[in-house]
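What follows is a set of notes on a single structure, which appears directly below.
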């Protein structure tokens, strides 16, 4: 059983929470607590051995001791359902489908949606439903309404933008707060926006990066979950840079998704709190 | 205030401990707890805002709820005293003296002892006492008795072997359990013992490493605190390998010392539990 | 056009070689030369713009100026054919098949051979021939003769052991000198042989590694091509360690294969010379 | 002997150059050549065993075969002289002084100049001349004229800005083209300008970086020599971020300086070509 709590900080919170867990006969196997003193904000994650207790009873008791407005999650879906949005590039989707197929993710890919049909064949190989939703002759709103209808026809915990090359509207983004994860092909905040590899090449950087982040309405400005860099050098063409970048795009996205699937990521304002080990 | 507890695991430990902290009006700013389920062992680190409470009272109350044999440390010396043992190589000592001088370590170097006189000049620059204890015409026991006498003339929390090229006897090691830290110039357990760089060169490895560990009576087999690797290639001579290795030896030793000085390292049997962030 | 030369060192080799390239009107785009002075051994890689010259003429002329015993390769197969040997673990094979399918390797997977049938389904998805060769009721020699017959029914440049959990006999290994690449799941020479992750876990290391190397008759002692490490910590179970290790096994094997496919790796005695950028 | 050539590319350059080296009886130990095909630019570095030949004769002969405008350097000063400019932070200077003192750099620190007096004491320890040049009651021009007078009173190969917190004027910068090296405390081009750590903290990045680059008149936009990143997390205060950043600032600056001191760095337009192994 995993218990996540985010709230205003108060003296005694851990004592009160753990007293309730003890009352319900739980043994805590792993506990991380962090207080952001500047913002007076409390974050905690308790992992306990399962013992069959009714979660409603625990939640009821916890609410009596937590400050108003506390965000409380008890045993979130241990296997998340994800929808993956793609355009034409295969590398992140390939990585996700392999993990899905061999069950090495704590997640199920319930569907893949492309604004191009290119990756249908790949999804077919793994018997994952692929839907081509064209943007042709549609307003952005119409296109996104189709997306939403398709996504909402499933029970989806997270929407993963695996090299989905369209900017989503505020309406879409606000419908799924803290539920949309994007992989950006640069070390944010360097090279926000289009063509980051071309710009990295022109700048002559010696490292390139990739950033997985939650999507908000500020382009490439959402809370960062994970980042990684890899060396490049003068002999790299733009295409070499792109190819090298793809290696870490897949890796960083997989790392961020694993953290999220294991309920180790909190979001507050524009930052994440990641209890990664 | 920092509180460290290591003991046999029991249900309710965190609840009982935090109830006592609350009773003494402490606010927990950061909390890490980990249970090794295989060994049924509980480790926890509580960082609280100071409030002037008498630590003896807290210790007394905590002992009433902790299992027998619990290791309890309340607010260990926030600035450790260290003695540094060296031979001829300067790089780790230089790094430590600079950090000491500019107060970027939470530690004071109370003395440096060399079995060669070479590094006296460096210590003089930073007004740190250096003692040359020769091994000439002495048995190992005599030599170590002189070491012990010198070390014990100070109040020393940790003994740092900063490229000290002598193997210490069981008598010495057992006198300072979990208090002696060594930097070994390889990625343990590869290349245990002498000449690791030469052997790494001959093997044609593509990475070299360094390992900081507590010293026990099994040569290079003590609990590992930190490790790091760095790329090398075919064009490296043995000397290039040695020079490159020195860069990470200093860095890994500094990292391990910082973790220890901040009371983030537990030791049990032959492993460390490191609460590094 | 790529030209690879390995031979005893002599004064004037580059001058003589490049004079011949100039004679054939080649422009050198990238050149790496390295002399191992200790062994008096010369290694060079010339990448030139193609111009349609007859390679036999170039080879003929080069041989007149190179020392006896020189190893000369002109424009090796720019797309290698590989056979992949597997047992049950999918992760390295998955990575290779995806790269094969999307043509991001300079190589074709001509066949996959398993000593268990588990990965047939995965190969089928990508229309890559899979052959199950059981070891049941066969001597090692009989088993390997079947392997050899299957491999030799294709034109194969390299044999990739992608988590193939059988030790190959000297007869097999000597048949394919410098043509068999293995991924070992540890940072060699630490944890040679079986169960490296279990032993890494028990030793309490803070980094785990993976090593891609050519196979020779000394177990896990062949020339190392690439190595990588990744952090682990006290909270990792053996299974966590295995899972984390798989991430770098795929990555290191792919890195080594890319270097080999781009003709950037020389082998001499028990070391590689890698011109990696 | 090291020979560096940068020029317009032409067919046959390596053949012509190496014929001349052979004529002068040189054996090439290590050779790197790279052609930027887009810009038609040739870069080469030849390392040869010394044999006492008159360098003027070699230069004379080489000039007869190289394109007009070729940049030719024969055996540049194997031990560079550097002037170090500082403000108040000690960490990069400390690292440089230790390397200077123990002769692990191929460079001599001929003087240190501070616009604050804080680091005089440190320089005194290592018997390196320190000059305090105040900016008080001076125009930028007057201040820089004093700097220039002091620097030019020595024979200086490179000027190292080791956390020198003043922006230099175009007049100063243009006087020392490709001779001024700066360490910037971010992963450029992220966080150009002031307070990069504060901005990194506010953005919630998961890695911080440092960049060593040549100084040009575009602030923080000069050719990048080396970059490195290090993980940070939610629990880092701004001060923690600053402290962590300092570890890589020293390391990246040392790495860049080593490359430069070994004559492995070419500059063209706004990029470097680094032959780093």
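As written, the chain order gives the labels A, B, C and D, with residue 1 at the start of each chain.
In this text, a residue touches a chain if its C-beta (ideal position, glycine included) is under 8 Å from a C-beta of that chain, and two chains touch if they have at least 3 such contacts.
This one's a predicted model, so the numbers in the text were calculated from it and none came from an experiment.
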Greatest separation from subunit B - chain, by CA centre: C
Selected interface, A-D versus A-C, where C-beta contact pairs are more numerous: A-D
Rounded Å distance, subunit A centre to subunit C centre (Cα mean): 36
Inter-centroid spacing, subunit D versus subunit A (mean Cα positions, whole Å): 40
For subunit A, residues that touch 2 or more chains besides their own: 30, 34, 233, 235
Contact set on subunit D toward subunit C in their complex: 9, 11-15, 18-19, 21-22, 25-35, 37, 44
Subunit A to subunit D touching residues, read off their complex: 34, 36, 187-191, 203-207, 209, 223-229, 233-235, 270-274, 276
Subunit C-touching residues of subunit A, taken from the complex the two chains share: 30, 90-91, 94-95, 98, 102, 104, 125-126, 233, 235, 243, 247, 251, 254, 277
